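As written, the chains take the letters A, B, C and D, and residue 1 is the first residue of each chain.
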Amino acid sequence: VKAAALHGPRDLRIIEVPELPLADDEVRVAVLDVGLCGSDVHFFEHGRVGAFDLGAPQVIGHEAAGFVVEVGAAVERVAVGDRVAIEPGRACGGCRECTMGWYNLCPDIAFMGMPPTAGCLAENVVVAARFAHPIPDALSAEQAALLEPLSVALWAVSRADVGIGHRVLVAGAGPIGVLVARVAAAAGAAEIVVTDVVPERLAGAPLAPRTRTADVSAGWQSLDEEFDVFLECAGATRALLEGSLHLRRRGRAVLVGVPREPEVPVHSIVTRWRELSITTVHRYAHTWPRAMALVVSGEVRVDDLVGRRFQLGDTALALEEALAGRVGRKAMIEVALPPDGPTSAIN
Amino acid sequence: VKAAALHGPRDLRIIEVPELPLADDEVRVAVLDVGLCGSDVHFFEHGRVGAFDLGAPQVIGHEAAGFVVEVGAAVERVAVGDRVAIEPGRACGGCRECTMGWYNLCPDIAFMGMPPTAGCLAENVVVAARFAHPIPDALSAEQAALLEPLSVALWAVSRADVGIGHRVLVAGAGPIGVLVARVAAAAGAAEIVVTDVVPERLAGAPLAPRTRTADVSAGWQSLDEEFDVFLECAGATRALLEGSLHLRRRGRAVLVGVPREPEVPVHSIVTRWRELSITTVHRYAHTWPRAMALVVSGEVRVDDLVGRRFQLGDTALALEEALAGRVGRKAMIEVALPPDGPTSAIN
Amino acid sequence: VKAAALHGPRDLRIIEVPELPLADDEVRVAVLDVGLCGSDVHFFEHGRVGAFDLGAPQVIGHEAAGFVVEVGAAVERVAVGDRVAIEPGRACGGCRECTMGWYNLCPDIAFMGMPPTAGCLAENVVVAARFAHPIPDALSAEQAALLEPLSVALWAVSRADVGIGHRVLVAGAGPIGVLVARVAAAAGAAEIVVTDVVPERLAGAPLAPRTRTADVSAGWQSLDEEFDVFLECAGATRALLEGSLHLRRRGRAVLVGVPREPEVPVHSIVTRWRELSITTVHRYAHTWPRAMALVVSGEVRVDDLVGRRFQLGDTALALEEALAGRVGRKAMIEVALPPDGPTSAIN
Amino acid sequence: VKAAALHGPRDLRIIEVPELPLADDEVRVAVLDVGLCGSDVHFFEHGRVGAFDLGAPQVIGHEAAGFVVEVGAAVERVAVGDRVAIEPGRACGGCRECTMGWYNLCPDIAFMGMPPTAGCLAENVVVAARFAHPIPDALSAEQAALLEPLSVALWAVSRADVGIGHRVLVAGAGPIGVLVARVAAAAGAAEIVVTDVVPERLAGAPLAPRTRTADVSAGWQSLDEEFDVFLECAGATRALLEGSLHLRRRGRAVLVGVPREPEVPVHSIVTRWRELSITTVHRYAHTWPRAMALVVSGEVRVDDLVGRRFQLGDTALALEEALAGRVGRKAMIEVALPPDGPTSAIN
């Protein structure tokens, strides 16, 4: 099968990879749509991401949806022909973390697109059945692929315990920041402020209800210090500290973004005097059904994040364009058409 | 000042009561609107409510808003002329419960309209400044009065920890049940079912988003057993038990309604096997600012609960009509007009 | 292998059962000690327990420890010769409840001794490796068997969120009530009161630190109403209600005992006015390591609960004696001696 | 009345200060014992502490107990002659934080010994009645004074949610670190490790049950990474980061110490991958009754922290000796003898 494999920095090629065998509890999914994430672009640019170096050529991509073309002998949850959203992390199911319900923290998790696990940018992929989530007709494959970044946002907002009446501050107007703001609104936040240091990103931010933007390129002074929750989605070294200074007493900061530096500062005095807490999030757990409900009901829109669409063969181009900032918030790779033609999306 | 005082069962009279003196931390509020609650109607019918017997003639009413006409020497929070929503329970501020943040459980709370504390159905009332909540222009006095029942709903939904993706079951399609459903939707509930045994009540239920109704007059069998949260707002003896049977494992039931019987049953087997929990709510605490945000933002509508409006002099009539079921969901008493004429409501 | 199988009410026989085959993720355990639980005695007396009827002859027993005599091909956690405490419920590992970390609520759980799953009163049993917990040398097999009832207590105290300074009320001075009191003390409870209606049971109660008893055979009036937590371990129909009346505001009641009646009453008025919550517990999850730590450190003693010891061949006698109230708090069946002779217990 | 007032760096003098007037809700306490805290010593050395500069001469001291010699007209809680422990922070009682139950975060709190509020090192002091906690006979005044540092530890352990079976790591073997370890043990921690970089401090650490020490002067490598909770009590710049690296997934770090630098680093990668959370504590709230219970029951010992005792007139000497590290863990100032002579302490 054809797949988009990274061979080195800015060297992505469409190659032929062998079709993987199918275990009893697995399904084979013909991929329809794959969204490109900031980490894909970073991986493409540098040939590495975080602690993950490129060894062999690496198929990338982890925001995906498709339809089932083959099921293992023990699979009951889905059937051939079902359209599914793919949850890309396969946890072991048996370790302490999995047993406690924290499968996102499984030390043996295999995450699609992270070396050495092959990613989703392939004509078909093999997925554990329990991580292939059937989607309703109302959802397009593209929307289904976007359940992955929506899961990131949903998990962050859940960990932050956003609720009715809260004032929420979000750093970063990229796809995750925008989705975080929308999910916070869906959770009842009364007022949401999204900050960024790039005016154009703020100008074009497709906002959530009850949300406004703030340009903090010259500092955060314009903001008051009465937020209940701060979600850092920019990955900027000092953003966690800066945003936390705008939390009221007992406020909660959540680190969602991935700072480049291994160490980031927190303010030891203000944090203590206000009894702030800082929580972190690592991907997501148990989010697909809830994320699906948000999109199906129309509470949270996701498809407007897609700026440009590309074919599988043009993945390298898509990544170059993303690097150059010419794809809008997100590029989507259309790997194949659905068997019955495109589904009309809601929204 | 004129006030509506209950003298015995179905004996409410407009009487002249002396204007109360004003302490340093109090404000005098000229009352504009007072909603009639089910407990007011019950009190009117029976001359008693719960453990509270009628001693002397009792001014009733506790869903109220007005404008400030006099402030005590130490008051900084509000000024003369401010429009305010009245939080009717005055907690002592010094007991264990108040200090812990649970002022709704203050053993010495004085609750307006509950003997021996005078209620709000009077031309003016005296309120501790900290329980007089200034309202923005966008809110009508009628909407402000309805922040009281909205607070009941908001507190219940908060205690139930309703969040994104939850399936929520509500028993009772009266004003509280309807508001609970709306607040649950604002908190992100994916699907809400409101039950009642009176088909007309269900038929006319002004629903929340993502909400449907279910007639359980012939039993609850039509409902599945996959709800995350159940909120009992009907006050029916067996509703807590019946609704709980429809909770999935680890589900949460909240007793909001006031059953007539001092003892209500729970199912000892199902409750244990599913590790359900049952929580109760007593009025509300810290809800006015959040309730206000819900109405101002348009997330939750309240004014459509008002079926008919009456003047203060017609309070007895309003209560008789409410008893006869001829006021729709709620009767509103217009005690006075605002000084500058009516404010236009949002929604 | 020899096993103790219930054939009908008060008809328990030692029979020969076939040795079970071993799957890759299972271990075979030569059983050393099995405690008899109140539910075993009840099952013996009536030939049924709860919804579980006796179909075929049923091997009973679920409080057990032994040593591993054979391991499946994929087992890494334990080795032949290891002494293990057996966690008797085998959850499926894949359902919503298991994935959420609530494996005690797994709808497909197979619980040893509950029809149709064979119990532990056999010379050897097959257990999933992840439910065979290796024990340190400091623990005797008898103590290891008692980690099961200790797990019940630990789970209850955890769900009740008992902490430093709490006043804790426990109904029932049987083995579970006594263990609950001890675990509550280990969690920092400042004062614990254990009630019962049988004076002899109270007189002999081997108490926890900071614990006293109260005879409530003539009513609960002697107790104040200032408890933070109430744990119902008596299984009496009205105990949940009676104990809850002694909770202070925001107190928490936990239903641990198994009432005979499917419906038990709660007090609708007091419960609401004090915003009490009622939680239930179903067995336990994730408790073995923590229970082991409690016993090994000496924080909680368990072996003094054993009143009399019997051999496997005398299981019927042990059950008859237990029925007659002549075994003290608990009877222990010594199925075999450890390969190297008895280990000396701590405590 | 005589009082110990700081006039500048290392310039503490015993001066005569006027007796303060007594408001209706206040009591006058004749001070018996005052412990010296690390912050007192720091204040003495530098003439400033944190953001608090020395303006006028400043009476210091905030770990105090005494007996009531005069009560305001409205005081019911205590009577003349009662021995009381003094909670040194007087919160306003009316702000958002006080109303929410977070009175330690009250922006208008007056904290004894923090400029401009006079401290406890005086022959008598005036305290709001609700912050004067009557103590039982079993408690000595010295133990009562030590309820203040015990409150710091109790609040930290409560915020960290330490419970049965947890492995707890504590940085800093000073008085707070030792008390944190003891309270963690009282809350059921299975294993506690206290680190320090000063071998003598570790050698002399009067340990809690189930506790061992670790010298980290050459690094933290000797410790495993399987702690559930880490409490930073050393105030070292990199300790929060170092200790957090030894938390297992979903572990919780609590910042108790006061780092000298306004910014301290956290590890952005490990913290995220393990979904750690970081909580901070600011003094304490609602702790005195619980702290008292811990000492009275013997669960936690406090008096062995006192190394040397001084008279009020020797406060400057005590501070110099403390600076020189010659008072053991803590110096205690005996301001006066109790009216009936010394009470024998428990323990």
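Quick notes
Keep in mind that, in the parts below, a residue touches a chain if its C-beta (ideal position, glycine included) is under 8 Å from a C-beta of that chain, and two chains touch if they have at least 3 such contacts.
The model shown is predicted, which means the values in this text are computed figures rather than measured ones.
Path length between chain A and chain D in the chain contact graph, taken as the least number of steps between touching chains: 1. For B-D, the matching interface among the pairs A-C, A-D or A-B, defined by over half of the contact pairs being the same residue numbers, is A-C.
Spacing of chain C relative to chain D, judged by their CA centroids, is 41 angstrom.
Separating the CA-averaged centres of chain B and chain C is a span of 44 Å.
In chain C, the residues touching two or more other chains are 100, 102. Because contacts link each chain to all the remaining chains, their graph is best described as complete.
Residues 93-94, 98-103, 130, 286 of chain D are the ones that touch chain B when the two sit in their complex. Touching chain B in their complex are the following residues of chain A: 154, 157-158, 163-165, 183, 186-188, 190-191, 209-210, 289-291, 293-294, 297, 299.
Within the complex formed with chain B, the chain C residues making contact are 50-51, 97, 100, 102, 104-105, 107, 159, 241, 249-250, 255, 258-259, 261-269, 271-282.
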